[in-house]
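Note that the chains take the letters A, B, C and D in the order they are written out, and that residue 1 is the start of every chain.
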Amino acid sequence: MSTVHLLYFASLRDAAGQGGEAWTTEAVDLRALYAEVQARHGFVLPVERLRVAVDGAFARWTDPVRAGSEIAFIPPVSGG
Amino acid sequence: MSTVHLLYFASLRDAAGQGGEAWTTEAVDLRALYAEVQARHGFVLPVERLRVAVDGAFARWTDPVRAGSEIAFIPPVSGG
Amino acid sequence: MDTRDFWLADAPVDLAPLRRRAQHDRAGAFASFEGWVRNHNEGRPVHGLRYESYVALAEAEGAQVIAEARAKFDLCGALCVHRIGDLAIGDMAVWVGVTAAHRGAAFDACRWIIDEIKDRVPIWKHERYADGDAGWLHPETTRGTDA
Amino acid sequence: MDTRDFWLADAPVDLAPLRRRAQHDRAGAFASFEGWVRNHNEGRPVHGLRYESYVALAEAEGAQVIAEARAKFDLCGALCVHRIGDLAIGDMAVWVGVTAAHRGAAFDACRWIIDEIKDRVPIWKHERYADGDAGWLHPETTRGTDA
């Protein structure tokens, strides 16, 4: 069991009703973690359209979940 | 015999020692006119590297020389 | 005056100091791009918008874009600032300024930078439409679909 | 404030009114280019320069370049001003500003306009070099050889 801090942005934040939360998980990797969170909050964006960042740097979906890390799910960006 | 007003710019002006002059000519076209002026002032630029304008609009070297017109020989430009 | 090459601004940006920072005696060419808030998007009238960002990651990724541009093109300098928060029609959302000895590199780098910013930097646009609807833009592919 | 789309200016140009003229609610993209006087040209240190023009023909031909750009690209607006007279290192010699709904057209038109201006408009540059030499630039081919 690992506890991490999740960050939500844009439509994910609206769907979750919050900008982030503590989350305790047994997910083996970041992809499995997103599946849990997606089911919990009903996120419509599939994992293929997201990027993921850990502690302020882009990461891979196959990276393990490290306890205490800050994990952000990044929806498709629209700056500019 | 036609008398025209010639305009010189940039290196042509330096070579002629003046920005323009009245010129009386029997030249049949603008190309022949430039040959006369080139010989008179020792212009080094060949006609192939110039453009010519008559009364404020670009013209063709094969255009006839019209009495009273203002004729400008346009060296390669270097604005910007 | 911010001394970073990329940053997020939560208030209108004064362009004069940006231009001064871009000045360089070796520079003969200055290419710049600004994204402005349009009054429409894909045919829908827009009343205003808001940009949100994951600030720490956006500033790191934006700085990386500028560093890559400086490695890829022969530049004197390159800067970019992006607004966050609420913007009205006509407001400047993003500014990119590039200086180089020659104009080819300046134009190419300026365009490459804005393309990469729009593609990679975690900033999101929330639009409010004239019909009362509103929503986040999560384009299928960013490149080439927007201003 | 000049209301023409192309003109020659015999004194430094204030950019703020140019930007205001370029503003348009439909415009999402503003691309601009400035040519600055460099401290060197093809390896020779430059102290300053002077631009001379055949003013009537230059203003007609410059206006024609802008009109062609507006026909060729999907623009909201396009403006260009070119300095004549004496300029020092760092001075702005030319400014091109283009607005469009989308950035592709704005970038493409801005670059096309400066290329055409440099290629077609009767303006000549006289450079003074650090070694005391000076001369008119009459490039074999303008395009791609300068800033």
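Definition applied: a contact is a pair of C-beta atoms (placed from the backbone, for glycine too) under 8 Å apart; a residue touches a chain by one contact, two chains touch by 3 or more.
Note that the structure is predicted; figures quoted are calculated from it, not measured.
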* Could you find the chain whose CA centre sits the greatest distance from that of chain D? => A
* Structure fact -> Rounded to the nearest Å, the gap between Cα centres of chain A and chain D is 49
* Centre to centre, by mean C-alpha position, how many angstrom separate chain B and chain D? -> 26
* To do: Mind pulling the residue numbers of chain D that touch at least two other chains?
  => 35, 114, 146-147
* Structure fact -> So chain B residues touching two or more other chains come to none
* **Complete list of chain pairs which touch one another** => A-C, B-D, C-D
* Spell out the part of chain C that touches chain A in their complex, as residue ranges. => 35, 51-54, 56-58, 60-61, 82, 93-94, 114, 117-126, 135-140, 142, 146-147
* Structure fact -> In their shared complex, chain C is touched by residues of chain D numbered 23, 25-40, 89-90, 100-104, 106-107, 110-111, 114, 144, 146-147
* **In the complex with chain D, residue positions of chain B that touch it** => 7, 9-11, 13-14, 45, 49, 53, 56-58, 72, 74-80
